[in-house]
Amino acid sequence: MEAFPFRHRQRVRFGETDLQNVVYYANYLVYAEVGRVAYLRELGLPYADIIANGLDFTIGEASVRYRAPLRFDDEFDINVRVGEIRHSSWAFEYAVDRADGLRCADMTTVQVMIDRSRFRPTRIPAALRATLQKAKEAEGARPSR
Amino acid sequence: MEAFPFRHRQRVRFGETDLQNVVYYANYLVYAEVGRVAYLRELGLPYADIIANGLDFTIGEASVRYRAPLRFDDEFDINVRVGEIRHSSWAFEYAVDRADGLRCADMTTVQVMIDRSRFRPTRIPAALRATLQKAKEAEGARPSR
Amino acid sequence: MEAFPFRHRQRVRFGETDLQNVVYYANYLVYAEVGRVAYLRELGLPYADIIANGLDFTIGEASVRYRAPLRFDDEFDINVRVGEIRHSSWAFEYAVDRADGLRCADMTTVQVMIDRSRFRPTRIPAALRATLQKAKEAEGARPSR
Amino acid sequence: MEAFPFRHRQRVRFGETDLQNVVYYANYLVYAEVGRVAYLRELGLPYADIIANGLDFTIGEASVRYRAPLRFDDEFDINVRVGEIRHSSWAFEYAVDRADGLRCADMTTVQVMIDRSRFRPTRIPAALRATLQKAKEAEGARPSR
């Protein structure tokens, strides 16, 4: 149940730290964003295409569990996988691991599909749903890291 | 159950928005920070005093439920109250309301007390616990806003 | 020559600091933004009105001279005044002073007027030019603080 | 005179944009930081080593000239080179180029060497000076890109 099909390597920026000498807590949601944008690109769903189809998504919920601090210049991986898929929303789950494997944070975000003409939630289109579903199934098939 | 004993007015900065023309989702955790720092000051617990006592706190968990967007130049209130108080941690609960009363986000953060000499969780000191407990009781006594 | 007709009080946020225990250097440009938005509102030129007139402005140049650090929870003033006014651009000059008067930074930004229909520089409209010119003259008339 | 000996590829994050659908102007100083940290590492001067030697540096001046906007998901290079070297400070010069070569910004920062025991400016140590000098000479020897 720990399988993540995708990871994206980043390095902690100086400006992401705070006076406690660790990454400021809100920046983990920035890392989640960077991870999901990279994963969507990997799945053949670049954000520009979503917009071009008159759709968009917004974040409905986000949660972070902080486990160990990241510090300036640390390299780390943002692991991403698809969580629950519903009518007009789906979840991404994330694990932020320092390059040596230390688990630093677990996160979840819920994406809500939006119709750009009305700016209201709308059904996830069939093609996107199929891609997310396929990605989710591939996760289950993978051995744990 | 909606009573918040404290609110702190802020205005959305240009740099807090993103290309969707709304406040970027990670910045709500910044607003939570601004609210809790202001509330701790109101409770007579400025952060400098906590540090001066060899203590510190870190965030163990954070969650946000996004309800309506804030936009550039909107004025809004960060409402804060004490949530559950445990052995070495306590929760703050937040509501972000646009100045006209529109609920934009609900948030929770869990603060973990840290002993600065060992950088490990430690029991909440008696004086801080008493202050948090008293603040929590005052919330219950207040009529809902 | 040190007269600033306008100042806007703020307090340093935790998330604005970095591991050197001072405000991260890029955040001074955020403070400049907060100051100029507040000054434009004071001058009767809220950003929404500029946009409503089919105009916008972008920043063409920015410079900061760092003099003394701001730290978490410090209160400070962002002082703003109009600098040089040209055909399609004008300057704002800023001084960031800690609440006790310590000069922390001097800044300049150059705003470039943009026609939103073509996204190209355009002449500053007469009414805005008159307001900026009047604000600039008022500065000269004021005694230094 | 356009030779840059070093470049560091990055991609624009969603959270780095603002409501004008471009990268928020203060974030270019974040890009400068990312570029100089990467260049110092390339020169064999990781920040951790500077700190381990009881030294540090702070930014004394920063300036940006904005030429063309970067947008979400754009790939870009942060080009860095050593500028003027003085007694206790030196400059870095930067060019931010979109991946297709469009020049988006020119920047300069002045680093001031700090003695961590007294937190005051101090002479650039001989070894660091030699490294910066050598990097600067290598720039001159290189053909323009």
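The chains carry the letters A, B, C and D, assigned in the order they are written, with residues numbered from 1 in each.
Quick note on the criterion: a residue touches a chain if its C-beta (ideal position, glycine included) is under 8 Å from a C-beta of that chain, and two chains touch if they have at least 3 such contacts.
Small disclaimer: the values here were computed from a predicted structure and weren't measured.
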item	value
Winner on C-beta contact pairs when B-C is weighed against C-D	C-D
Farthest-lying chain, centroid of Cα atoms versus that of chain A	C
Centroid distance [mean C-alpha coordinates] between chain C and chain B, Å	29
Distance between chain centroids, defined by C-alpha means - chain B, chain D (Å)	36
Where chain C and chain D are represented by their mean Cα positions, the distance between them in whole Å	25
Shared-contact residues (touching 2 or more other chains) in chain B	14-15, 26, 30, 33, 72
In the complex with chain A, residue positions of chain B that touch it	20, 22, 25-27, 29-30, 33, 56, 58-66, 69
In the complex with chain C, residue positions of chain B that touch it	13-15, 30, 33-34, 37, 46-48, 72-73
Chain C-facing residues of chain A, complex	14-15, 17-19, 21, 24, 26, 71-72
